[in-house]
Every structure is written in C-alpha cells, then in structure tokens.
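Report on one structure; see the data block that follows.
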Amino acid sequence: MSKPRVAIFDFACCEGCQLQIVNLEEEILDLLTVVQPVEWREAMSDHSESYDIAIVEGSITRPEDEARLKQIRERAGILIALGACATLGGVNKLKDNFELEDVKRCVYGEAAAMPHLATARVKAVDEVVKVDFKVHGCPINNKEFAAIVRCLATGKTPVIPSYPVCVECKKRENVCRYEYQEICLGPLTRAGCNAPCPSAGFWCFGCRGAVDEPNVNAARDVMARYGRTVEDLKSRMLLFGSRQEFANV
Amino acid sequence: MKPAVNGDIYLPMPATAVQVAPMTASESFFEFRLDSGSDLGHMPGQFVEVSIAGQGEAPISISSSPTLKGSFQMVVRNVGNVSRAMHALKPGDKAGIRGPFGTHFPVETAMKGRDILFICGGIGLVPVRSAIHYVFEHRRDYGKVNILFGTKTPADRLFTEDMERWKVQPDTTFLETVDRGDPRWKGHTGVITTLLPDVTVDPAKTVAVICGPPIMYKFVIMELRKRELDDDRIYISLERHMKCGVGKCGHCQVNGLYVCQKGPVFRYADVSAVREAI
Amino acid sequence: MNAKKLCLNAMQAWVESLIGKCRVIGVQAKGERFVFAPLTRARDLRLDYDVTLIPPKACFLPPQETLLTFTGPAGYRSVVDDEPFILLGVHPYDVAAIAQMDRLFEQDYADVHYLARRRGAVLIACDIQTASPNVFAGCMGTATADEGFDILLTRVGDHYLVDARTDAGKALTDSLASAPDADAVSLARREQLWLDNRKLLRKHDLKPSLAELPGLLERSYEHPVWKDKARHCFSCGSCVMVCPTCYCFDVQDEVDWDLKCGRRCRTWDGCMLKDFATVAGAHNFRKDKADRYRHRWYRKGKYVYDKIGQIACVGCGRCVTACVAGISNPVDVYNRLLEAP
Amino acid sequence: MSRTIDIQVHHVTRIEGHGTIVLNAKDGAIRKIEWQVPEAPRFFEAMVRGRSWEDIQTIVSRICGICSVTHSLAAIRAIENAMNIRGSEQTETLRMLTHYSEQLESHSLHVGYLVAPDLLGQKSVVPLASSHPDLVKTVIRIHRLGNQWMELLAGRMTHPVTLKPGGFARLPAETELRDLQQRLKDIVPALTTLADAVLSLAGKLPAFDRPTEYVGLVNPGEYTFYHGDIGSTDTRETVSPQKFESVVNEYVTPQSTAKWTRWHRDSYAVGSLARYNLNADHLLPLAKETAGRFGLKKGCCNPYMNSVAQVVETVQIVEHSLQLIDRLLTAGIRPERPKVTPKAGDGAAAVEAPRGILFHRYVFDENGVCERANLCIPTNQNHANIQKDFEALVPRIIDRSQDEIRHLLEMLVRSYDPCVSCSTHCLDVEFV
C-alpha cells in the first residue's frame, strides 16, 4: 500500500491542534514514514489538489468557508475533524448565544457593516459535511492523534473511549474537584485525554464533548447538592459547543 | 488443557492459515495449523482467542470436529478490527491462537445414545458444526439426528456443501428456512421455530443443542418446553463480550457466571434461573 | 521472633535502611490526601494516613500495563515485571482485598503478570491510626488483619511495634535484633487498639450480617433500590476504579510507527461503564444503568462470594467518597434491601 | 522593456493564521501594495459577555494556540486588577516562569521551524531534517524542553489549566523544579548552537532599515516580559496598562478583518525587536554576549532582525528562569490555594506575548459576570507596520525578479512572527 496523501486545512480556530502535531517533535519524521503530507499551510509552502485523507481543523463561521469545506470533502477519501472547533464548534459557538449583528457591532463598532467582516452561525464540520473520524479535544492530545493515524494506516478503526473522563482521572489518583465545591464536567465528558485538567488541579471543561448518554438529570441533582445551580452547570457545558443534550439540562 | 502456572495465559501460540475462503458477503472460512505441529485438542463447542498483532484478539468458535487432525477450522464474520484483519489473511499468513477455552457440547456424555436435535440460527451453526460432524463420525453412538437451520436470507447460508452430505446421513432429518426468500429460493420461509412442527421429538430420548442470535433462544426454548423437553436436556451456547477468555476480565459475565469458563455451552437447566442469560 | 518495639527515630532509621535495600512503595501525602508511591526518604512516609486515593491493587494490577510485545504476526513475547519491592503501610482492609485478588488471579488460570508482581512483593501492613470519613471496615471484618502480610506495624503511643510474621518479613527485621522486644504493656495496648478499631471503624453501619448478605441479594433482584439509585448514576466508573476488590480489565493493541511491532496492553475497565457488555452489532447485554448498577452490588455481595466464599467489599469507603452522585455507599444499598420493597 | 509585476500570495504559509500579500506594479510604478488579513473573525470580545470570571481564562486562551499562556496571564491579571486581588510573590514568580516556557517554545518554533527554511532555501522544516540534521535536532531539543516545561507548570502543552485568578490550581513540587532547573542548565549549549547557526546565516537577512516606533513593556532595571508599563522608543513617558486604549488607537480598514493600531506615528511595531530596543540595557550577561556576537544594537530598525532578537531572548529567558527557580527553591514552595470573592470592577493588564505586547480589559458586574471586554493582540499592532514596511521596501527592490520580490515580502511577514489567527479576535469598542 502506498502512503496515504494527507492534507491539513484550517478554518476558524486558534491552530493549537496543528501545534500539537508539531509538538510530536521528532515523531513527525516517523509520521512521515506512514503518511505523505501534500498540503499543510502552517508548516510548508506546497499545495495539492487531491488527497486520501483530509484533516480539518476549526469551525465553519462563514458561507464561503462552507463552500470550501464541501470542496475539500469531495476531494478527500477520508475526512477527519481535528479538535473541538471541528468536532463540536468549540468556543467559537459562544458567539451564537448572541444576535450576529450585535456580535459584529460589539467587536467592530461602526465598521461592522464592511463586507469582509461578514460572519454566520458557527458550525462544527459534521454540520456541513460527513465526518469519518473525530479527534477530540481542545487542544487534541497528540499521542492520541498519532495512535489514530497509525490505526488508519493499518486499516484499524481507532478505539475511542465511550466512558467519561472520571475513569482516567481516578487512574491518575486525583482528588475530585467536587470535593472543592467546583463544577467539573468529567462525569459527562468523553475520555481519551487522560484527564490532564483535573490532574493539574483544574476542572474538566468538557472540550471532548459529551459521552453518548450523559446523565443530565443526575447532574442537576449534583448541582443542588453542591450548592450550585443548573445555570452554573449549563454555562460551563456550553463553553466548547457541546450539543443540545447538554444545553437542555 | 490448562497452561502451566508459570506459563503466560495471554501468550498466543503461533499458527498458520492453510485455507481461507469466502462463504458469504461477510463470512469467511479459515483453516489453521498450529506451528508447533500439535493438535488443538478441543471438544465441539469450545472456542479460541484469535490474535492479530496490532488489531487485538477475538473469541472464535472451532467449527471442525476434533477428529480432524493437524488443523482446525473456523468461520468468521467481518464485524470489526480482528475479524476484518482475518478476512485479509492469505494461506501462509500467521495469526496467534490461545485456547481452546470454555465448556463443550456433551457429545461423550449427555448426548450419547440419545436423539439429537440441533437448532442453529445463522452463524450459530459454526460451533454446532463441530458437534454435528462429531456425531456423524460416531454415528452409531447416537439415535435420530434432526438438524434445523435458519438464516435471514438465502445469501447468508453457510456450509451448503456439508448440508448436502448431512441430508443423506442415515436416520437424519435436515430442515432449512430463511426469514426472507428471494426469487430463486424454493425452500421453506419463516423463522426457525416454524420448522419444529415438521420434526418429531421424543422428549424422553432427545437432547437439544441450540445456538444462534440472542433473540432466538427464548422462542425456541418456549417451543421445546411445549414439547415437554426437560430443561436439562437442552444445551445452549452463549456469546458475550470477552477480553481474556480465562475468567478474569469480567466482560463476559452473565450474572455470576463467566461465559468463558462455565460456558459458552450451558445446560439450560443451569441457567434458566440466571436472569441475564437469555 | 517477638514483635519489636521501636521509637520513632529508630523506626525512621529502619525505613531508611529498607529504602537502601530494595524498592519501597509507601504511603505519602498528595496534597491533603494520600497515595502509594515510590518512597525515596523515610520522612515522606505517612503511616498516620486515613485512606489512599487508589488502593494498593495498582502495585500488582497497574492501571495500564503491557502484557506482551509483538514483532510481527507471530512474534509474541510475554512482558513480566517481577522486580521485587516492599509495599509499606497497607491498612488491614487493603490486606484483605489483596488476599482476595490473589485467589482470583491464581484460581483456574493463573495470571503470571499479576502473580509475578505479587510474589516479588513484601507486604508491610499497618494498623489504622486515623479513620477516613467513610470507612466501615469494622462492619466487614477487615478493621484488623491476622494474616495476608509479612510484617505488621502498630503505633502505640510514641512507639511502633514491628511484628514480622513470615520468613520474608523476618529477613527485613533482622537488623532490628538488638532493638527491645515489645513489652506486655505495649502488646496490651495493641490488643486494645484492635478492639477499638473493630468497634469504631464504622462510619456507616451495615445492618445485615455478612453471612446473610448473599442470601439477601439472592432475594432482591427486583428490588426498587437498583432503579432508584441508578437514576442518579453517571456511569462514570469512579466507584469501580477506586475499589480494592474490582479488577475488571480491557485489553488493547498498540503499534509502533513501523506498523508491525507493538504491544498488547491491559487497562482497568469497569462493569459500571456503558459499553462494558457491548458486543458486535452494538448489542449491549447490560444497557440499562440500573442493570449495571445492580451487577456491581451483586458482584460485591454475591458473585465473588459464590466463587471464593468472601464478600468482595472490605469497607474501605473509597467508593463512597469517589461517587459524585452520592449513590455508591454499599451500606446504604445493602441496608435498603432489608426494607420491604 | 515593459514589465508587469503581479504578486498574490494567498494565505502566506508557515505563519499562524491567514494573511495575503497583494502587489501590482507596471514599469516600476507601484499601483497596489497591500498586506491583507482575510482570516475569519472570531469575535472573542463578544463571546465572553455573560460568562463567569471563572471561565474567562479558559475561553480567551483559545484566541491563540501559540500564545495561550500569555492570553491566560493577561486575562487573569486583568481579572485580578478588576477585583482587587493580588497574587502572592510565589504566584507571580511561578507565573513568570510559566510565561517563559511559552516564550522558549514559541521562539524556537518560529526561528527553527518557520524562518530557518527561508534562510536555507527550503519550503519547510521537513527537508532540513536530512540536509541539516544537527540543526533540526537542536531546535527540537529546545522546542521540546519549552513544551515539557509548559506541561509541568501550566498543566499541559497549549491552553494552560493551572493559571487561575488568585494563584495556581496545582503547584509544582520542589523536586520537579530542581529537575527543571537542571534541564534548563543542560539546554544552554543547545541555545548557543542555535545562535551560531543563525549567526552563520545572518548575512542572508536583507539589509533594510526603516525608522520605526517600537512599543513594549518597560520596567526599571529589568528586561521585562511581564511587569511594568507601556513604553515607546518615540517617547520617554510611559503609559499604565490600565490606559492601553490611549496607546493602541485601533481602527478598522477594508483590507483586514484584524484591526490596525497607531500611536505617535502612522504605525508602530511590537515583538522581540521592540523589547530589545527598549530593554537591551538590562539583558543578563550571556544574553548580552549573544546580542554582541550578532552586532545587534539598540535602535536597530531592520524588521528582518526580529528573528535575531528572538534568539537573544531565548538565552535571556533561560538565564532569568534559572534565577527565578533559585529564588523559589530558596524560599520553598508554600502550599497556597487560590481564593477569590468576585466583585464588580474594570481591570486591564499588559503582558508580552512572544510576538509582542498584548492587552486585555474586562468589566465585571458584582457577581463576577463579564459585561464587556477589550482585547488588543500583538500581531494586530504589527499589521499597519507591515504595510508601511511593504511601502518602503518594494520601491527599493522593484527591479528584482518577481520570485525574489515575493520571497522577500513573505520573509518580511514571517519575520514579524505573525499570529493572524489571534489578531482577528481583537476588538475595540471605539471605532476611530
């Protein structure tokens, strides 16, 4: 099998996920023995027209980006959404809590009407085109990314945990953030990151998105027990654009 | 067949594929030989853990009779990582084998001297084939043999060549059905229980062996009970998620029972009260 | 050899000498809580701890371990870690849990990966000095231990009694030959501590007796408690991760960049997790939270008992603390079963 | 001979975010020369409205993957200023140390992965791995150290989680700090190797001077990245970060989704060269020596030299960090848990990102809910200056080949180390 041709594209995002790929350091050279990058604006000056795997970072915030994404989908065999902006919409979706006009005016004042400042509702990649695999996280965990690439290169379906972050948090011997009266989204959020945030003394803010069957009713009870409100919980759940099952608590 | 205490129960034995043949759109037939040259030493109904380096392991039933020497056979449905990788194997390719594990059909005990009623749905035929062959190879040890086999569609039928041979065995009834026929299908249509009225079952002399999708058991057993077959004359084979195959990982438990150790073959009387079994 | 009596300084010196001899994994502070971790100096040892975040099972069945490596389709090699170590400061309830795991990993098919670590370990137990907020070992018969360890440490006043019970234990206390034997007063104080611990380590009070528990469960399959409680369950698995008697696992392969060589790794798994019993075709044999929740309590109170005659809860209380939803208190659950449904 | 030059570099590569260069000239007459920023705007100032003070850092860190620590620090200090909270000395020292990890990571990434290919005539760092393996190995070593250092103190690589208003969510253990100190000592030779490599290529940096106003943090007696007021090479007076709006004077232009800024002139520059021009007197000895080897003088106004200033700063960062760790270890790490009682207030802060000074302002209500925010990002502050550089540079090189012109313009953009994805998230309430 010849090496799959890989192209990386970015939309609205902080490019931190691509940075995680760079952070593989010398492993990038190993990566290059398995795939052949044909387009990666942040790291190289080449362009290409066809690819086996398209990796898409960022969320879709403008009509013209939607068209570009559809074009990428057409040219790609496999499409991977990289990072929370692509898989969920990411922090960008916070914008959607406001009217678009209000958002533009808030940032650009009188100039908001200038055509190049147009913006639209924020979409995750799979709200526009079909996504074959999701690499979760804000930012992604580069070890997980590397493992997924190796899986794809061996024809294996990557095994992404369906259980919540608490599993990995417990394995890392952390004191639960709830013991400090903090709202941690660990019990509702898909694992696979190895719980870096609770392990660093910070709550899980849900950047990998919800597990398949988040128990939002239980979450409501827990808020009451810890003297917090559902509004507190909701506000945190929305940070990374997690979808409706989170919003409807 | 327990490995020595200081041996590693998780260490696969190298084995080589000697035959790989597609059977249906999603199932393929495999014949393997252990590189050590020894026989697998299984009994009908037992399973092995097939290991594909990098992909993982999957429990797979042995489909050949222990009387086949030098190699053993399996049928695998392409559903996931290990099975997909197996489907890519060619004769001469290697895989790892652990086992055989689990309980087996009582071909040497409870079944001996009895009429045997085999009821298999789809891929459930795979482990049972091992017992069917065993019975035919020791034909005089058993009474009447009834084989009922059902699949979703004619395209899902397995071991069609074997079936032709089973049909002509002495004192044997072979009946087949499909849930949905196609224009060329001339045979019986309907779920597997609709075949039962066509066989006579003497409850005093019969042992039933059942294997199929989870949903099948409840209905088949209901019918057999109507025919007054005792629960301790019914043997079923169960499938569960399994990681270790040796009673440690916990995945295959039905209530307190480890399917990999107390099963996969259970006497129905032993599990009729086990709520998670069926 | 009789139990020795060491003042705190002598005790520290002895621990220091152990560290010089062998890898020592001992109880240490992590923030305001405690963990078992490699001990590099005696003064980090905290035998006054209440409970560790993760039980010492992690020393024998690590959260993540390599079972074997492979170099191609048939080149498998076992990876067995038998580097000896001293496990220092194990509470009696954890001693009981380890003994239980020993049997389960030895039984039927012996698991060399677990057993190699276990056989390489010298267990130094320590009587409980501080009760954790949720301990109920007193109800489970595990507040003190008579066996299952090599050495038992007990703090009496400003001394420690060092009681070596096995050859391995005695080998480590050789250097204490010149230390004074435990006197009658200290031994009596130790007896009293044992009595107290059995009585006092009951932050929750289990009403059914241990003997009646399996039978009680047998009758309670349809009890409403399972659904009631599971309504609040996140299926987060915290309860099973921290439990000293839970040992379910998953196995996954990883490959290197050459896509040929790699490892087969075992990680902790748990029956509370949604897909624990899911098979191909996405059929989930335990898809309701209540079914998983009940399974866990049956495993603790009946299934393991059916296998080895012991209740698989040692009353450490870890799951009580770990459960964010507040539904994982074994005592609450088992007491509820005594109430009419 | 009639000659038309038409350069359109869409989405300049090897920079963070999207920028476009447009040059159109006929027979030496320049018709159009523009630096455009078409990156999708992300509206962070609008998004944080209605969010709790507890979540602000988590959100605004996502402005930029490369300067996430700096954004977090700016947010946290602005929040602290708004709510009248003071971090302990230990907190402040640890924050500086965390901040330095990002500077090292970012500078080594920029110089090693993004600029070096320009100087060595390659399209990316990948071919360098075989043509200049030693250089690449050195860069990787430094870059990795920056990341591991960040992981230790910030909780992970990119988007820190330990940094909170009032203190740290997790404090490093003394053994971890000691280990870090050793690794920093060990990296010094690698920094020298990198400096040597850049020095040997420095001749390839174009000679192009344009008198420019440089803006950055200044603090008496210190080469500062974190403390101090806003200084400029055009004036001796400094401005408090609380009044940063009077420095940046943001305005919107049709060629950019990012806003532009101006202070004493039509444009100003921020970044390593700005910091150098303002603070070079306070460099530590090894950094000073490194600057000397390049002949880098205070007052340098060649934008291409920004990369050299970055090399000097990597040495300064490591040198200063060694001192900071000494200070921490001497005092011993005290367990402290951040405690904040939210209150109403308006607070701003200025911190030096790797690519220049960064400003955040937040206004909170009495529950600590954010009512208004204003963020001004370094790359933003450089956009106008890049345009002015273009206008000055192009006439001087207009007779060169189109490829050469394009290369020089791209290199110029890259030398600013722009982070366009972050600059488009800036905002200002007042439109000029």
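Labels A, B, C and D are assigned to the chains in the order they are written; within every chain, residues are numbered from 1.
The working rule: a residue touches a chain if its C-beta (ideal position, glycine included) is under 8 Å from a C-beta of that chain, and two chains touch if they have at least 3 such contacts.
The structure presented is a predicted model; accordingly, all values stated were derived computationally and were not measured.
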item	value
Lowest number of touching-chain links that must be crossed from chain B to chain D	2
Contacts common to chain C and chain D (chain labels)	A
Pair sharing more residue contacts (C-beta pairs) when A-C is set against A-D	A-D
From chain A, the most remote chain by mean C-alpha position	B
Central chain of the complex, centres being mean CA coordinates	A
Mean-CA-position distance for chain C and chain A (Å)	37
Centre-to-centre distance between chain D and chain A (centres being mean Cα positions), rounded to whole Å	25
Rounded Å distance, chain B centre to chain C centre (Cα mean)	39
Geometric centre distance via CA averages, chain B-chain A, whole Å	44
In chain D, residues with contacts to at least two other chains	none
Multi-chain contact residues (two or more partners), chain C	31, 252, 255, 259
Junction residues of chain B, two or more chains touched	54-55, 80
Touch-based graph of the chains, sorted into line, ring, star, complete or other	other
Pairs of chains found to touch, sorted by chain label	A-B, A-C, A-D, B-C
Contact footprint of chain B on chain C as seen in their complex	67-68, 70, 72-78, 80, 104-105, 107-113, 221, 247-253, 255, 259-260, 262, 264, 269, 271, 276-281, 283, 285-286, 291, 295, 298-299, 302-303, 306-307
List of chain B residues in touch with chain A within their complex	54-55, 80-81, 84-85, 88
Interfacial residue positions of chain A with respect to chain D in the complex	10-20, 22-23, 25-26, 28-29, 32, 37, 40-46, 61-62, 65, 90-92, 94-95, 97-98, 102-104, 106-111, 114, 116-117, 119, 138-139, 142, 196-197, 199-202, 205, 232, 235-236, 239
Chain B contact footprint on chain A (complex, rising order)	154-157, 159
Contact set on chain A toward chain C in their complex	27, 30-31, 33-34, 147, 150, 153-154, 159, 162-164, 166-167, 169-171, 173-176, 178-179, 184, 186-188, 211-215, 217-219, 221-222, 225
